[in-house]
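Structures are listed in the sections that come next.
Next come two complexes, and both contain subunit A; in the first it sits with subunit B, in the second with subunit C.
So, the complex of A and B:
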């Protein structure tokens, strides 16, 4: 799959009108040297082979943006930030989302259920860039109260106070996913016979819910987590952009500004694909561990 | 389809082909076409039974679609959604026609940065452009992208899912493996690359020409899976078997016998993809990689609203509310359609 991703990315990037050295002041000989340095004068197949070999050795070449820093260095700086943002947002969404889902399933069709459902639906329907924009605007109108002497931008990633915004906004955009799935599977689990049995043998309601229904209701939530990671990624593109988080998604979009930094695009696309594939693998392992019946198929 | 000159009564295309293939084989020609006619009858009766069964009404004969339409009309949330989408479509068509597009293309500094008023329902932006007009010009692009993307996804999904589900076996598992592989890839980076490639290659094309491929290439997997599942379950029906027994080709069985029975699912797929496509368009345009100004779309308007958030807070709310309400409306229409076509599917 990583090969598929790298191949698709390579073909697509080669289709881009990509010519980084268009400055008319460059002497033709200098341009030729540059093209040779970046391996652009070789046939595409050779370029692809070089690209795969570089991937395997973890060397992504040099960026064509001013500074010509190694792509590996840029990604090494920005990826941890994105992982931290994504991970914390995921944790926030999982905790809040699952809690709300369980609550609304237990109080099904009551006022609590109604409020939670409306909230989750709104959180899904309002795109995260709107929420992010509102958050930034909120910080303009209501600046942080105390202990701030220097000029404070309404966004950024330097202090935990700054980080709260992106994490909350990204978390909020993925939370409805948990709420909806947990609510549906919890409702189903509560109607199962093993819940009745557990009640019949005298288990307290609270214990029945958490030991029997809740555990089983988590399985579909985990099984269907595949699209979730891609969704977090999508959200982080927007949020890193708006809230000025120095993450890898922000770098990725930056590299599309003309002249397009194709090495950065290639390396990031393949890395992100690898990351998502890896996460999906982990999900498969977790599901097999949670529910041994599935691995017997 | 070669020899139909000697037919005295007009026959359906289906019977014509049966006759052709039967005559080619020489023997059992009569018996085969008879069997075929019989199987047609069976299929019709089966469909009638299904419809009656789905409606819970015995005796009265109504089509599946009439039945679904009745149930749909009773669903308040779904009807509200449908009415809202219809209003948006009408406004998108007629507002620019009636008002002309001058207010959105010119620059009017004398009336810049106004809040909502009777003259300008949604206010004006820093260049004095009328936000109301821009919103509906944007709706033209956003909504048409969304519907075309959904249609493309549906068609691709039908084709891929039908082939995979009908033939089964190695073909099926191979095609599904491929789908799994694509499914695991993060779609946004690829969508961004595709949009960049196309918009640079086709600099003069309207936005829809590069947005639709970018958004549909990365989103047809779900619909292919759904259609495959439909195909797998429907092809076990007796009427499919009888069609196969009477020599109908796979393409004919799929298009004539199976697909008409998936119409409900198809409509649901369309409305399920509309929110994704609208959000996808908005995402890309917001990042400055999709629709580009001076073309207007809801994503472009949102980007504009973000840029002027400190001076012009109303500019972000116009596209935000339009996007959110359209997404909600499409979801409730999809839910309503699902319930209408499959009332047994909803237990809790």
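So, the complex of A and C:
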């Protein structure tokens, strides 16, 4: 899968009709020397082989932007930020989403259920770029009282106060999935015979819910978490761009700015693909652990 | 002091810096040989003690270094450090764009090319000499004693002294670069020579430099610390400035067209004509534009004063010459144009129409005007030109392209395509000599697209070659005057319509002083930090 992604990325980058060294001030011989330094004069197959070999050794080559910094170094500066953003957003979405889903199911068709459903539907309906923009605008028009936090820019990633926005907005974009999934599967679980049995044998309601209904209702939720990771990843492209988070997704977009930084594009594409594949793998393992029946199939 | 900065990467390795922001930041960290004076035209010796001594044949430049200069680790700065700095800039692995300006040094092109394919790459820079073996030691930069360096050239480069202001002519520490490799610029490894030293670097966030007591002029350095904050958006920079969280912004980041009307009346607005030009190139190889009279008509028809008043709004200077004002000798060579275009007034449409007729203009033709759709006011300028040319009966079709496509194949490294009739594009100075502009119209630059008019005139090339070998500045200006006449004079070929000379501007708090006075920009947008201070007015 990763090879396929790398191959596709390579072909697409090579199909783009741009030159990395278009600065008109470059002397012809210097431009030629730069092309050689980056191996751009070699046949495409050799270039692809170089790229794969570099990947295998954990070296992503050099950025073609002025300064020829190692791509690995640039990713090293941006990836932790994205991981933090994605991880916290996911945690927020999972905790809040699942809690709301459980509450909603337990109080099905009551006022609490109604409020939660409306909230989840709204969160689902609004694209994250709208929510992000509203958040930034909100921070401009309603700045926090002076002295509480230092008034900084309405976006950014410098302080935890800044970070709250991107984390919440990104988390909010997938939270409804958790709420809806958990609500539905929880309702279904509550009507199962094993729940009635558990109640009948005298197990307290609280224990019945958490021990039996909740644990079983988690399985569809976790199964869907893999695609949700992918969703977080793509969401982060929008969030990092709008809310000015110096993450790897922002870097990815940056590297497409002309003249295109081909090694950076390739490295980030492969890295992000690998990340999605890896997370899906982890999800499969966790599902098997939650429900032993699956691994027996 | 806090600066609103733009570039993302911490490119502290001087020859790797290529954007103005990085160069300006590095001016705090590294001492170059020369800087420009306040007018931006004459050399101010900085690490050098005096202007370079030039041999009679113009091929050897001798530079003497200060003997009291020290590195940030306390070691003296010696001639060998400068030799290494130049070698490092030429090292192919450094990938310095600015090596382009050093290739006429003996052995420079050979070393930069790794000693390979020299016939193809380096013939243009060989002069009368032979190719060297491509080793760094064969580069013609030699320390003759501890504080004297000799540069040997393959051919006469009359503006070579100007090139020594560039970031490729700074001393660097061989021991540090060799020990740490690409990591030599990391905090803790880096050893610098300027008035400040690197204190911390947070990628994508900020760079902090602090005063270096080892600097020879440390007693006169007023600031203890400068923080360069990475702020990409002009709007954000302006907001931060209003909150006094930055004290000034770098020139390219500070002002959006939407804000200029408000900002330009404030006392924190500083501006200065840039030594730079905005052109409309005309593709001389397209049949519709092959007659010089037609091109003259188009150049005449543009209403420059209206464009500056209504679109750019920065008080830019309308242009009637190919070269911008502010260059040494401008008064002499600008006369070559005889003010044929009459840039300061509304266009003489009748004269333009007459010229069109003389040139046999075919009314049914439509010209494609290519411009960068994402650079500031280019789209509005294109619209005005469309309407101006419409007034003399020339139909123009607007062809917006992304700014980067404009410097891609077709417009930057290969000849301009025939689908381009007119192209809006600028040129910024690399050194203050008119040659930097006249070279754009030589036959040699057609193939690489620098000559975006595809203009090739042997007569012009002959005069141009004469200028290249005229070392005496005053005599060279006379040759430039003939070049100017051949382009923009009444009998000129007019391959390009000069439009205006842009302005550098930015926002600088009034409490920021330079040598105790109001802060002023240099024509090239270069910033130096030694004599900047912040007065008590900052609350």
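Quick note on the criterion: the second predicted complex is superposed on the first by the 291 of 297 C-alpha atoms of A that agree within 3 Å, B and C clash if a C-alpha of one lies under 4 Å from a C-alpha of the other, contacts with A are read in each partner's own complex, and residues count from 1 in each chain.
By definition in this document, a contact is a pair of C-beta atoms (placed from the backbone, for glycine too) under 8 Å apart; a residue touches a chain by one contact, two chains touch by 3 or more.
A quick note: this is a predicted structure, and the numbers were derived from the prediction, not measured.
**Q** With the two structures overlaid on subunit A, would subunit B and subunit C clash, or do they fit side by side?
**A** fit
**Q** Output check: A:254 vs subunit B and subunit C. Expected answer is one of first, second, both, neither. What do you get?
**A** Only subunit C is touched by A:254; subunit B is not.
**Q** After superposition on the shared chain, which partner residues are touched by A:78: those of subunit B (first), subunit C (second), both, or neither?
**A** Touch partner of A:78: subunit C, not subunit B.
**Q** Of the two partner chains, subunit B (first) and subunit C (second), which one does A:269 touch, if any: first, second, both, or neither?
**A** Touch partner of A:269: subunit B, not subunit C.
**Q** Answer with first, second, both or neither: which of subunit B and subunit C does A:95 touch in the superposed model?
**A** Neither partner.
**Q** Check whether A:68 is in contact with subunit B, with subunit C, with both or with neither, and answer first, second, both or neither.
**A** So A:68 only meets subunit C here.
**Q** Looking at subunit A, does subunit B or subunit C touch a larger number of its residues?
**A** B
**Q** Report for A:246: first if it touches subunit B alone, second if subunit C alone, otherwise both or neither.
**A** Second partner only.
**Q** Give the angle at the C-alpha centre of subunit A formed by the C-alpha centres of subunit B and subunit C in the superposed arrangement, rounded to the nearest 10 degrees.
**A** 100
**Q** How far apart, in whole Å, are the nearest Cα atoms of subunit B and subunit C in the superposition?
**A** 9
**Q** Show which residues of subunit A both subunit B and subunit C reach, each in its own complex.
**A** Correct list for subunit A: 17.
**Q** Can you check the complex and tell me which residues of subunit C touch subunit A?
**A** Listed in rising order, the residues of subunit C that touch subunit A are 8-9, 11, 13, 16-19, 92-95, 97, 99-101, 103, 109, 112-114, 117, 120-122, 124-125, 182, 203-205, 232, 236, 239-240, 243, 245, 402-405, 407-409, 412-413, 430, 448-450.
**Q** Residues of subunit B touching subunit A in their complex?
**A** Residue list for subunit B touching subunit A: 181-190, 192-194, 196-197, 200-201, 275, 279, 282-283, 286-289, 302, 305-306, 309-310, 313, 316, 320, 323-325, 327-328, 331, 348.
**Q** Considering only the defined contacts, which subunit A positions touch subunit C in the complex?
**A** 17-19, 21-34, 36-37, 62, 65-70, 74, 77-78, 151-153, 158, 244, 246, 254, 257-259
**Q** Would you tell me which residues of subunit A are touching subunit B in their complex?
**A** Listed in rising order, the residues are 1, 4-5, 8-9, 12-13, 15-17, 108, 121-122, 124-127, 129-130, 133-134, 136-137, 140, 184, 187-188, 191, 226, 229-230, 233-234, 237-238, 241-242, 252-253, 256, 260, 265, 268-269, 272-273, 276-277, 280.
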